[in-house]
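Shown below is the structure under consideration.
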Amino acid sequence: MAKLGFVGLGVMGSRMVKRLLDAGHEVTGYNRTKSKAEWLLEAGMKWAGTPRAVAETSEITFSMVTNTEALRYVTEGSDGLLAGINAGSIYVDMSTVSPAFSRELAKQVAAKGAAMLDAPVSGSVITLEEGKLSIMVGGDPAVFEKVKPILLNIGPKATYVGENGLAVTMKIATNLSLAVQMLAFSEGVLLAEKSGIKRETAVEVLTNSVIASPMVRYRGPFVLGMPEEAWFDCYMMQKDMTLALELGRQLNVPLPTTAATNEFLTAARGMGLEKQDFAIMFEVLAQMSGVKQ
Amino acid sequence: MAKLGFVGLGVMGSRMVKRLLDAGHEVTGYNRTKSKAEWLLEAGMKWAGTPRAVAETSEITFSMVTNTEALRYVTEGSDGLLAGINAGSIYVDMSTVSPAFSRELAKQVAAKGAAMLDAPVSGSVITLEEGKLSIMVGGDPAVFEKVKPILLNIGPKATYVGENGLAVTMKIATNLSLAVQMLAFSEGVLLAEKSGIKRETAVEVLTNSVIASPMVRYRGPFVLGMPEEAWFDCYMMQKDMTLALELGRQLNVPLPTTAATNEFLTAARGMGLEKQDFAIMFEVLAQMSGVKQ
Amino acid sequence: MAKLGFVGLGVMGSRMVKRLLDAGHEVTGYNRTKSKAEWLLEAGMKWAGTPRAVAETSEITFSMVTNTEALRYVTEGSDGLLAGINAGSIYVDMSTVSPAFSRELAKQVAAKGAAMLDAPVSGSVITLEEGKLSIMVGGDPAVFEKVKPILLNIGPKATYVGENGLAVTMKIATNLSLAVQMLAFSEGVLLAEKSGIKRETAVEVLTNSVIASPMVRYRGPFVLGMPEEAWFDCYMMQKDMTLALELGRQLNVPLPTTAATNEFLTAARGMGLEKQDFAIMFEVLAQMSGVKQ
Amino acid sequence: MAKLGFVGLGVMGSRMVKRLLDAGHEVTGYNRTKSKAEWLLEAGMKWAGTPRAVAETSEITFSMVTNTEALRYVTEGSDGLLAGINAGSIYVDMSTVSPAFSRELAKQVAAKGAAMLDAPVSGSVITLEEGKLSIMVGGDPAVFEKVKPILLNIGPKATYVGENGLAVTMKIATNLSLAVQMLAFSEGVLLAEKSGIKRETAVEVLTNSVIASPMVRYRGPFVLGMPEEAWFDCYMMQKDMTLALELGRQLNVPLPTTAATNEFLTAARGMGLEKQDFAIMFEVLAQMSGVKQ
C-alpha cells in the first residue's frame, strides 16, 4: 500500500479519504479547519499541519478543494503543497478548476521532478458513497496507469481523457448540462402544473421518461421539497458555468443554453437563494410564473 | 379480445399495430398511403378505406398521426373518424397535438356518446420495438381502466395523468427537454473537442456521466455520424417546441432554455438541415464554432 | 376632399380621425363602443352602425384595430367591412396583424373589385399627436400614390415597402427591437444601480448616449415611475413578438434576442403585471436581482 | 493652458490629443509604436520615451488604452505611469477597463498624493471627430471640476457619475446595449428580407423608426456593406460584454439579452470574422438563416 496524502477534507474530500483508508492505505491529511477532520483521525488518518507537510510525507498526494483560488492557496507559498512535493512523487488534483491554471500547475510540478494528473469526478456525495463515482484523468498516460488502482478505490471507473488540463475541461463540459437540464426540467414541471397536473405526477412522469438522466432522477424530486443541505449550491454551480463560458470564449464555442441558464443562477443569488442547491432555479422560474409555494 | 381500429400507420403507428396483432387482437387499419400498410395486411390486419370506416367497425379506435393538422384531417368531414364513431365506444389518440384541440375533440366525441383518451408516448421507434415505451393517459379514469390492458400490449407503463388534454400537455412538457438536453450536450462536446479531446472520447465520457439520460445515451453518438433516416427530424421537434412555447404563453410560464434552443432548430432549417434528426443542432453549433466536419 | 370611412376608434384610431377631420375630410366612423366616439361626433364625424355601413358610404375606408382576431371580426360576416366594400374603392388597414391574414384579406378585397393596402404605423400616441408618425405601406404602388396625400394628413412620412402584407411584416420587424432594447436598457440601469450609481443618473446618461433611440428616450424614464396608463402593454407587445417569432419560424430566421426577451414579457404576465406598459420588464429583472422598489 | 500628458495614441487617443493641441494645450505623448504618432509630433505634440516620463512632465496625465491588461502594462513597473506621477497632479484614465481594477489604481494614485478620475467616453471615432463625444466621470467631484474645462475640449458633455470606478461601470452598462441593439436590428432586417422586402428598404425604414438610436443609425447601414476598417471589432465588443457579465455575476443582476448576444460575438469569432466590426453579427445570423451574401 502506498503512502498517500490528501489536502482538502470537505464534503467530497473527506469521504474519499475514508474510502482510501477502508482500502488499507496509509493517508496523511490536511484541512484548513482541523475539527472537520476529527472523524477521519479516529478512522486512522494521520494529520499534517500544512499542505507542504502532507506532500513531504507522501508518494502520491491528492487535493480536492472548492475552486481555482482555493487551489492556488493550498499549492503556493512556503507552506504550500508545491514547496513540499518530492521528486519522483505524483500529485493528483481532483478539484474542478480553470484548465489553464491546472496546466500551469502541472508545469510547476514537473519542474520539481514530480508528475501531476488532473482527476476531477462526475457525481455527487451520494454517488461517491454508493461507490459509483466516475473519474476523468488528464496527464501522462504512464503516470495514470500507476495511480489507477488507487483511483479505483475511490470510484469504479477512471477514464483517461488526454493531456494535463483536459480532464478538468471534460468535467466542465459535462457540468454545464447539470444546470441546463435542471432548468429545462423546471420549465416542464411548471408547464404541467399550471395546466392542472399535480406537481408530484409531473415529477414522477419526467423522472421516468427518456429525459431522466441520473441528475434528473436524483435532483428532480427537489422541486417537491428542497434538501436541508445543498448538494451543490448555486455559487458552486455558477463557478462551473463561468469556467465553461470562459472556455467557450477562449475557444470560440458559442454556448447558448449555458449562457441562458447561467443568468438564472445569478437570479437565484439575487433573490437570496444562493446557498440552496442549484435546483432552486425552479423557485426562480416559479416566482416568474406567479406560482406561490 | 376487443375489436380494435387504428388510423395512421406511419413509423410509430404501424409498429404499434404489429404489437397489437401479436397480442392476438383483431385490428382494422387505415393509412393515407395504403402501400405502407402491406406488411401489416400480410400480418393479419384488416383494411378500411376511410377513418370513418375504421371507427364504424371498432370498439376501441386508436389514432397516431403527425400533428394537429393531420389529426384534424383524419377526424373531421364525412369520411372522418368522428363521423363513424359508435356510441359506447372508446377513441384513443396517441398523437402529440395541441392540448386545446385534444380537449375540443374529446367534447365532440362525448357528444356522440363515446369517450376519448389522449395517450401520447414517450420514446422512439427503438424504445417501442424493445417494448419499453411509456404511455401517458388523459381523460376519464374509468375509461382508462378499460383500455389499460390493451395499452400495456403496446408498452409496459401507462400512467394516468389527469383530465382530457393533460397527457398531451405532459408529453409536451417532457419533449422540450429533448431538444434542450441535446443542445447542451453539443455545447459540451464542442468545448471538449476544441480543447483537444477527441470527439469520440467526449461522447463516451458524457454518455456515461450523470447527465446521460436515455435520450443522451441514444442520440449523443449521432454527433459522430448522423443516422441515414431521422428518428425525429427538426421539423417534428420544432412542432413540439412550438406547442410548448404556445402553452407557456397561455399559462404565463417563461421557458428560457426552450426558447433559446428553438432558435437553433430554426437555424438548422435555415441551413437546409431540416430533414435530419434534431441532433443536427450539433452541426449548427459546430459551424458557428468554425469546426469543419 | 374624399369621402372617408374609419373602423376602429380606439386610442390611435380616434386621433387619426381627428387629424383627418382637421384636414377637412368628410369621415364616417364606427366603433364597437359608440360612447368612446362622442367627441369625434361633436368634431364632425358621421356615424355608421356597422363596419359594412362605413364601407358602403366611403371611397376610402380605413381600419385600425387591436389584432388579427379583431380585424377578422370587423371584416367578416354580413355586417362586416368586406360585405360593404364598393368596387373601385380603396381599403387601408393600419392595424398590426399577421402578414398572412393581411394578404388573404387583400385577395378578398381584390375579388370585390377594390384594392387594399396595409399601412401600419411606427410610433405611439405621442408621436401621432405631435404629427410625427411614420407610415409603412404595402400593396399596389399606384393605389399607394392615390392614398398618399391622405396618409400624409395622418403623419409626415409614408414609405412604400412592397407588396401586400410587407408593410405589416416591416412593422413586426421593427417592433421586436422595442422590447429587446427596453430589456437591454433595464439590464444596464440595474447594473449601474447595484454598483452604486443613482437610478436617475443612470437613466440620464443612457437616454443621452449612443443607444438612446426615440423609444429609449421616451420609455427609459418609465423605470423611475411607470405611467398610470400603459402606452403599449405587455399583452400588446407580446402579440407583436409572437408574430415576429411565427414569421421567423416560417422563414427560417433565428431570432435569439427576440426569443429571450419574449420570455420576460411572459414573466411580467406571470407576475400579474400584464396591464402595465411593457417597460415593466424592468420590474421583473429588478425582482430577480433582489432590488426592492 | 495646463501641461498635459497622454499615454496611448491609438485611433481614439490620437484624435483626442489632436483636439487638445487644437485647443492650445501643451501635450506630451507616448505610444508603444512611435511611428503612429508622427502626425501628432508634426502637429506640435512632444514625445516621451515611457509612460513614466509622460507623467513626470505633466500636471494632468491622460491614458486611453485597449483593455485592463494594457492599462496594467502602462501603469505598472519602473517605466510605468504610476512611477512617474507627481504629488498634486491629476491622472485621468479614459479607457474602458474593469471597474475593480480602476478603483485599485485610484487607490495607488492617491497613495502618491495625486488624484485619479475614470473618464470613459460614449461614442466612436466619428462622434469624436464631429466633436460630439460625451464623457462620463468618476472620482472626487472637486477634481472633476478642475479637469472639466479640458475634458470639454475633447467632447461637449462631461457628466459626473459618482465615485471612482463608477464611470467605467456606467460605460459598461451602456455598451451592452450596443451589441444587443445591433443583433435585434439584424433579426429585423433578415425577417424583412426573407419576406421579400429589399434589404436597403428594410435598413432605411428601421434607421428612421423609433428604434433608431444613434448607434443603429450609424451602424445599421453596415449590413449593406461592412466598412473596411472596423470601428469597434468583435474582440473589443466582447471585452465590454464580458466586463458586463462579470459585473452582473458580482452584483447579482441577470443579463438575459447581454448573455444571449455575447454568444453571437463568440460565433463571429468562431467563423473567423473577429476582426470585423461587431455589426458582422448580422452575417452570423444570415448564415444561420441560409442567406447567401
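Odds and ends about this structure:
Each chain gets a letter, A, B, C and D, in the order it is written, and its residues are counted from 1.
Here, contacts are C-beta pairs under 8 Å (C-beta built on N, C-alpha and C of every residue); 3 or more make two chains touch, one makes a residue touch a chain.
Remember, it's a predicted structure, so these values are computed and weren't measured experimentally.
Taken over every residue number at the interface, the positions common to chain C and chain D amount to over half, indicating a same-residue contact. Counting C-beta pairs in contact across A-C and across A-D gives the higher total for A-D. Note: centroid distance chain A to chain C, computed from Cα atoms, is 52 Å.
One inter-chain figure worth recording: chain C and chain D are separated by 37 Å, centre to centre, where each centre is the mean of the chain's CA atoms. Centre-to-centre, using mean CA coordinates, chain A is 39 Å away from chain D. For chain D, the set of residues that touch two or more other chains comprises 248, 252-256, 260, 263-264, 266-267, 270, 288-290. Those residues of chain D that touch chain B in the complex are listed here as 256, 260, 266-267, 270-272, 284, 287-291. Residues 238, 242, 245, 248-249, 252-256, 259-260, 262-264, 266-267, 269-270 of chain C are the ones that touch chain B when the two sit in their complex. On the chain C side of its complex with chain D, the touching residues are 99, 122-124, 127, 134, 136, 157, 159, 161-163, 165-166, 169-170, 172-174, 176-178, 180-181, 183-185, 187-192, 194-198, 201-202, 204-206, 208-216, 218, 244, 247-248, 251-258, 260-261, 263-264, 285, 288-290.
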